[in-house]
Amino acid sequence: MLSDLFSRSAARAADFSHLEHASVEFRNVIKRYGDHQVLNGINFTVAPGEVVAILGPSGSGKSTLIRLINQLESLNGGEILIDNKPTRTLTGTALRQLRSRVGFVFQQFNLYAHLNAGQNISLALEKVHGWTPQQAQERALALLEKVGMVEKAHHYPAELSGGQQQRVAIARALASSPQIILFDEPTSALDPETIGEVLQVMKSLAHSGITMIVVTHEMQFAREIADRVVFIDGGEILETAPPEQFFQHPEHPRTRRFLQKVLNPLHQEQP
Amino acid sequence: MPALDWQGVLTGQPVQWILSGFLTTLWVTLAGIVIASGFAMLFLLLRTAGGKTGNAVVSVWVSLFRNTPLLVQLLFWYFAAWNGLPLVLREYINADHTWSILPGDVWWFTPEFLCSAWGLGVFTSAFLIEEIESGLQAVSRGQRQAALAQGFSSWQLFRFILLPQGLAHAWQPVVGQYLNLMKLSSLASGIGFAELTYQVRQIESYNAHALEAFTVGTVLYLLTGVLMGLLLGKLGPSPAKRIRRAPKTTIHTGSENA
Amino acid sequence: MIAGLAVITDNLDYLLWGRMSAGQPGGVLLTLLMALGAAVLALPAGIALASLAWRFPGTVRKVLYIWAEVIRGIPLIFVIFWMWYLLPLLTGGDLPGAVTVTLALAWFTAAAVMHSVLAGLRALPTGQYEAALTQGFGTQQTLWLILLPQVLRTILPSLLGIFISLLKDTSLAFIVNVPELTTVAGQVNNRVQIYPAAIFIFTGVVYYLLCCSLEQIAKRWRVTRPAF
């Protein structure tokens, strides 16, 4: 396709910066699974370069929220705008282009099991974006360096620890130089001692110009790195505030109860 | 496409042959199932209770019958082993006996029927043993340990905990093996056994209505398979909960395996 | 006993490779040729059909499932019969018996391969597919570059089992008188008459050795592959 040729030559020079304005806006977003209403009219906006942490109890709809952004799930109502452009009706090549502007890091890492760390990153560069194998490999090694995994470039996922795999997964998500990166509970599947290395990588990414939306249970990350914390429960956003305000003076009663349970699990007030 | 003449196969001699062959297939399948299940039970017992030699015997049995084609086994039973039987016995079987007729005019006390049923039975038993063992092994180690901790003996463990659950897990594959036996009975036509496939070829050489005869045969085998599957599925135990069975490392799939 | 062995040695070349000198391979040679021929046809066909079924859920998948059920629901001998009668009608000419049997075996085996590949695809964690989606891979690319390479590795033991069955199934050529090992053994038995045990035991042993050595190779593969 002609547009592929253009994007290939553009790829070598620029970094897929086809998003003028890396913002994400939810307008009255509704999502249902059968009879169950998961999201009840979500309205919120993430500004370019912002770091937003999304907190909430399980079943609150927070994973669904970010999975709607790159259309791993589809909307039942409302609209999501990226770069001020509606995305609901995107299909085919346009959708794939959008997806390569938005990086996604899964809770279960989901590295390609049959490829080593370097190949996990270079594959999309070669096959989706048309880079030459050499360029793709160089970029892969550079990204692995950035996440501290360059010595393991030839190792397979099965040979890496959870924290190492997740760092490679983050490098993979960064391969196409996305301007928005989404994290779906990135540390929830990790052993406690490896959580730190992943959070360090996420910290180095924050405020580097990339828009970050992170669904997480890691309160320290939310407190120290996020610009804004969003609390979602029962399919609705109940509270959004900068971290100090959110953690010191939560307004909504359900927010307060949630923070009580999470920050002080042994001393909860009886429901 | 040549014109098809269904009258040619659905009336007169041909339809008699088809019916006879069909009933013969059903009877030999039943006989084979009985023999196969009997041997499978026997060998499972031998394996659990017979110690090292028992285990070895069963392994050899299974290995022998799984790694040679059924047809070669049937040829062996019919041409070679048959001759090993005492002459008196052979003559006795060859003679006509009034008690040797099953409903549907099927003679069972004949060399062909006996060799076919026996051959199908011992062949299938080798596969049944593996299926049932897989089913038994799928019962979690945790349950075994809990039972032993409660003081159950090995036999009681087998009888009350392993076997009921094991059979429930293994029932679908076991039914698959039975269905396979039914389809493999077609190979007995190679030793001159007058089951359905034999009769279909008979029609073909009688009035050259090959396509019509094959179609009837195909439909009969398909229907029998479906009905057998439904019936046996209903009759057997079903697992209490959908538990994922440990995948077998070698899954044989071909004409001789379910 | 020795006389029985003599029957085997006297006819050994016929049993092993049939009338090779007259340009008509037979015996063990033909068995291997048919098995390999069918495998070479069935493997890509089965993978292609599984890819179609995976990619197009709905009518295409249903049709393919029904096709596979019908093929495996009838005796293999009937598949051979159908091929025997339909192929001349389609190609207008006469194909050698061995080719017809090979095609019938390939047809039957493709259904088994399709089954196995689909099971492998279903067993893959959905995360693999989702990760490929997020990176912008198209469906075709996802299948080829991400899913199938992993699936084919995991179902390798199953595929080998299919091939071992295929090897045994070549014996069905006996029914249509194509001179592979079983047919040839039958012919020798018909001629010699008095040593059936030696002949059929020998035949069984040959198949046994072939199948067992393949199983050994499978076991060694499973040990050397990197754990996934």
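A few remarks follow.
Chains: A, B and C, in written order; residue numbering restarts at 1 for each.
Heads up, the rule we're going with is that contacts are C-beta pairs under 8 Å (C-beta built on N, C-alpha and C of every residue); 3 or more make two chains touch, one makes a residue touch a chain.
These figures come from a predicted structure and were not determined experimentally.
The most central chain, judged by C-alpha centres against the centre of all protein C-alpha atoms, is C. When chain centres are set by their Cα atoms, the one at the greatest distance from chain C is A. Ranked by C-beta contact pairs, the top interface belongs to chains B-C.
Our note on geometry: chain A versus chain B, Cα centroid distance of 56 Å, whole angstroms.
Chain A and chain C, compared by their mean Cα positions, are separated by 47 Å. Separating the CA-averaged centres of chain B and chain C is a span of 22 Å.
In chain B, no residue touches at least two other chains. By the touch criterion stated above, chain C contacts chain B in their complex at residues 70, 73-78, 81-82, 85, 89, 108-109, 112, 115-116, 123, 157-158, 160-162, 164-166, 168-169, 171-172, 174-175, 182, 185-186, 189, 196-197, 199-201, 203-204, 207-208, 211-212, 215, 218, 222. Chain C contributes residues 125, 127-128, 130-138, 141, 145-146, 149-150, 153, 226-228 to its touches with chain A in the complex. For chain A in complex with chain C, the touching residues are 70, 72, 96-97, 99-100, 102-104, 106, 108-114, 123-124, 127-129, 156, 158, 172-173, 175-176. For chain B in complex with chain C, the touching residues are 1-2, 63-64, 66-73, 75-76, 79-81, 83-84, 183-184, 186-187, 189-190, 197, 200, 210-211, 214, 217-218, 221-222, 225-226, 247, 249-257.
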